[in-house]
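Two complexes come next, and they have one chain in common, subunit A, joined by subunit B in the first and subunit C in the second.
Now for the complex of A and B:
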């Protein structure tokens, strides 16, 4: 299917986005060189160009999400995985999951963790973007290369290095803290307590996500016209006023989109936590939603319950990101 | 406007990426044979758990299988222990991707045998060894009198210690469990554990429960009950708490620790981090002075210097030997295997005298009791056989693999290690564990 569609529009099959918004611009272009043959007919090209993206989405999402919805209303365990017919149980899975205090503890922990990480990432990213704007080209290039290297670091390798840094026995962090006089930190086990565990996890996630935010925001900042800022300076605006009243409002679309993406990503965080837990941690007190679902489904073979929680997470993601999506749509209209 | 379009494009692209990654199905890169149904020439796959089966044994299996089944080949894939249950759950039901023969932890067997994941091996049971096979392992692999999983190898654990440190402190090999606790408590300093043990390490910790005559769970017919609140179990857990708190410097969250590193001298000849550890027999090869093997790699000499390194079996409460956790695994054929005849041929090789003897030579207890003597007769072999004879299995309950997967005992032991009230924790976790033992999803 997607092959046929791709063959139909070979040149544009990849970047469906710009192609889709393109016709609006060409349609209103007053002097198109090739004379437009049938001006009156509603243009079909935009819809045609949307086809590959829609087909890809349906092919990738429809089956798994559909299966998930079906499984969430079935008693689906290891027996069913090995061929027993699943039994329809209505909303039993949801009732069972939602009346379990463990789920709500995980939800609260995940939402707080997600918000703290998303905000922290955007604040640090914005600071770095402003820094890149202020410094000279060689410094900026160095900074950008460093950010790209951090961004390009494979996640498992990154987490492993952090695990070594914070190792209670051989880690550099404890060694340094002892050297600067905190003797109590010798042999301190960072991953044993939920608070310090999440402190380490936050460092890893922020470190890995900041480059994307910083580079996106920097790209946004470069397109702010210099004349506007010059005018502001002539009117006597301070640096802080320029930031709050000119720069930030002008990059607001980019800012809100990266914040939205960070929220979605940080709510779905899984592998970093799992890898840190492997180094020894109180597992049930450090599970986030992704880890909770994995444990329920893959370790405890309660696939029905895991499907029910997954659907809840989907709803939660939509709920958390809805204000941003709506404001984006309003601005576009 | 321009920026908004850029942003919209970004959303579209990233959401598409998000979608792809979240609908990611577990991708098992299993390379099973194609569609040919002929039993003569095919490729079958054996999944081995962890690295216990060494390269020499693997090569022997491949060569022998190819020689005895002309045209067919055996592919061996290694699965890490923590991933095993997950991978089996997704691969076994899928006839296009299932491994043909799998190794599985002895106590994980019931989880799969009870749902029909394995082929009935009763017809060839006698041919593969019958009554000679280790019966406790045969039992956990059977359902309703039919054999689905058979013993592959057994192991046990005992104590490795620094004889030089113990002797310098004027201590002798302990005769009773309480003598052991006192000795290791004396050996603890700020930089050295008298006995290195992680707080979540329940697989070593349950030895104290077993030694006091306690059980983790009992079965009545088919209904399992968690028995942590039994006075004997509580006594064992309390003694373990005492040992952890007085003798170990390890964090309470540590579980699968490479304890053997603690027994070797540190870098630049500094003192070792522990005077005593508990580990499976093969840990010997990670302990000792550094030497160079035939290939020129730096390796440990396997405790050649017996004035520095030595072993003993964990003593029981009133002397003798304490029961320890019986390690080991079973082997089974997938019910969905496309080449069951070839898979059974592989089992015939595994249960042959030659391979069983080779297992013993590699320090793994062979599944057939006739060949246990192949382990040898040095102190390592005799201690292993002694401790294995006194060892105990964890409950063979249908929900056992789920309990391991959810790290329930790890948490319980951590809370005990942190100084929690043993009786209260036992009651709390009994309530949590009983439904899980019986396979009840999400207690």
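Now for the complex of A and C:
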């Protein structure tokens, strides 16, 4: 039913009773009343409007999800590459993949990478948000513009610039390190050792993700009413006390959503790693989950195994997304 | 008036007294303010440096980029790098591919998502909550968990390396967030406005087209730019859906450009010129929508 209830009736959020007496007014949307039947507009309209979007979602996402489930219980071996239809093998793919230590090494690496990146991003983002509150307007605007520029960079261009910055021969980073006294860093190849490879990957991801976190948290911090802080100051609260007992508790909802989003996003890191691997990194020691799936499917043509790992990743994402989706649904009520 | 005016000087005097009494503390506060300001500028420099370095290197001749000491200022600016990149020819092909995919995606997303947003924000219907819930979950599904199946799907209908195949995948990936974003805009236009226009004699369709639609324009622009950015920047899905060299989008082209350059010792000036060419339209468009994106992603948290 339409939102157009309660024409000029101030009790917009009240029960449907008074509004329903108006000629054009039926259910009041904000209260979530069940729809009353309505003659002028056929109830099929919303369904018709949804058809194009639903068709697109079915074709681009729902069908692949279904296909993936089917693929995960099929065998794709050498015969299938020569045109044989895949044969049903039950849960063999899952058993084969999940009893393989290689997968668990990738899972552990992905989880550690995700947690380190998400926490680092949120901590740095929060620090920058608090900094923006504390500095003068020109400094704050400068910082905001710079963060926006970094945020706007296309991912592939960003990774490419970092490869240039960390280039072993003429990169700025090695030049700077030698300049401040680390002579051993001359010609150091960051991307060929797993440890330093992930250090560079973390730098890229934190650099790319912090702007969103910092600006969101800053928006959250500015919505804390000034009177509350004023009252705390009058009562003698120090800056630190204001931070811990007023500011942080009041931005906690934003903080937890942002952390959750970072965890979900950092768990699916694929392209940055793939692009960094081009520079000659040991692939099997630097793969994260997405890269593992890509290698299984595209390089080894093991579509059944790749589908099995993909389903694991999707299930993990849905599980992690639940609190976020619930918070968005609250807004929709 | 007269009651307020004399109050001001006395307040000022009180403040003067207070600052004089706490002079050391005020000093310490000033030092702290300067330190924080310096920290803010340092953070700004760190975040903007890669962007600056990309553009600067793009305009720097190769000889200076190979020097052992980097040049931090544009003292020898040249456009040679750009002309070399554009001479290659592959750029034009990739630009055409990216443009076709991006335009089709934006168009499809705008129409489909607008109709969907209209449905969920102007009607209460059976299945509405489940639909919204499904949309919100779908937008979280990672491409990395689906691209093998999407690859198999496209290959089974012979749509690998085609504009249509990628467009279908992009449209599906972008629609959920745009429906969610537009829903806010549609709900923000009070239906009372339409009703009032109808009281004045317009039909429902006329009222919608003349009153509601113009008010939704900012929302449509924001959604369109969002879809543009997603399609223009996308790498992962394109990597599997466009396997052949002749059908690359710009992000794939940039990756191959770097790999090809690596064979003969990377010419970073050209690579950075290539990156700059891709990044500039994105940065311009991005600045239009960023406010909407921040608030859209965390609005549930702010309200709850």
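The rule is short, and it goes like this: the second predicted complex is superposed on the first by the 250 of 333 C-alpha atoms of A that agree within 3 Å, B and C clash if a C-alpha of one lies under 4 Å from a C-alpha of the other, contacts with A are read in each partner's own complex, and residues count from 1 in each chain.
The rule we apply is simple: a contact is a pair of C-beta atoms (placed from the backbone, for glycine too) under 8 Å apart; a residue touches a chain by one contact, two chains touch by 3 or more.
Everything numeric here is computed off the predicted structure, so don't read it as measured data.
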Look at A:99 in the shared chain and tell me whether it touches subunit B only, subunit C only, both, or neither; answer first, second, both or neither.
neither
Check the residue A:49 against both partner chains and state whether it touches subunit B (first), subunit C (second), both, or neither.
second
With both complexes overlaid on chain A, does A:191 touch subunit B (first), subunit C (second), both or neither?
first
Name the contact category of A:137: first (subunit B only), second (subunit C only), both, or neither.
neither
Now for A:253: first (subunit B), second (subunit C), both, or neither, which partner does it touch?
both
Check the residue A:172 against both partner chains and state whether it touches subunit B (first), subunit C (second), both, or neither.
second
Between subunit B (first) and subunit C (second), which, if any, makes contact with A:147: first, second, both or neither?
second
Tell me the contact category for A:264 with respect to subunit B and subunit C: first, second, both or neither.
both
Between subunit B and subunit C, whom does A:61 touch in the aligned arrangement: first, second, both, or neither?
both
Per-residue contact with subunit A, leading partner among subunit C and subunit B
C
Residues on subunit A lying within both footprints (that of subunit B and that of subunit C):
53, 56-57, 60-61, 64-65, 216, 220, 223, 253-254, 257, 261, 264, 268, 278, 296, 298, 328, 331-332
Quick check on the complex: what are the subunit A residues that touch subunit B?
15-18, 21, 53, 56-57, 60-61, 64-65, 77-79, 81-84, 96-97, 100, 168-169, 187, 189, 191-192, 216, 220, 223, 251, 253-254, 257, 260-261, 264-265, 268, 278, 280-284, 295-296, 298-302, 304-305, 328, 331-332
In their shared complex, at which residues does subunit A touch subunit C?
1-4, 7-8, 24, 27, 29, 32-35, 43, 45-47, 49-50, 52-53, 56-57, 59-61, 63-65, 67-68, 71, 128, 131-132, 134-136, 139-140, 142-143, 145-158, 160-165, 167, 170, 172, 175, 207, 210-212, 215-216, 219-220, 223, 253-254, 256-258, 261, 264, 267-268, 270-271, 274-275, 278-279, 289-290, 293-294, 296-298, 303, 306-307, 310-311, 313-314, 317-318, 321, 324-325, 327-332
Please name which positions on subunit C make contact with subunit A in the complex.
33, 36-37, 39-41, 43-45, 47-48, 50-51, 53-54, 57, 65-70, 108, 111-113, 115-116, 118-126, 128, 131-133, 135-138, 140-153, 168-173, 175-176, 179-180, 183, 187, 190-192, 194-195, 232-233, 235-236, 239-240, 251, 254-255, 258-259, 262, 266, 268, 271-272, 275-276, 278-279, 282-283, 286-287, 290, 294-295, 297-304
Counting only contacts in the complex, subunit B reaches subunit A at residues 2-14, 16, 18-20, 22-23, 25, 82, 85-86, 89, 92-93, 111-112, 115-117, 198, 200, 249, 251-255, 273, 335, 401-402, 404-407, 410-411, 414, 436, 439, 441-442
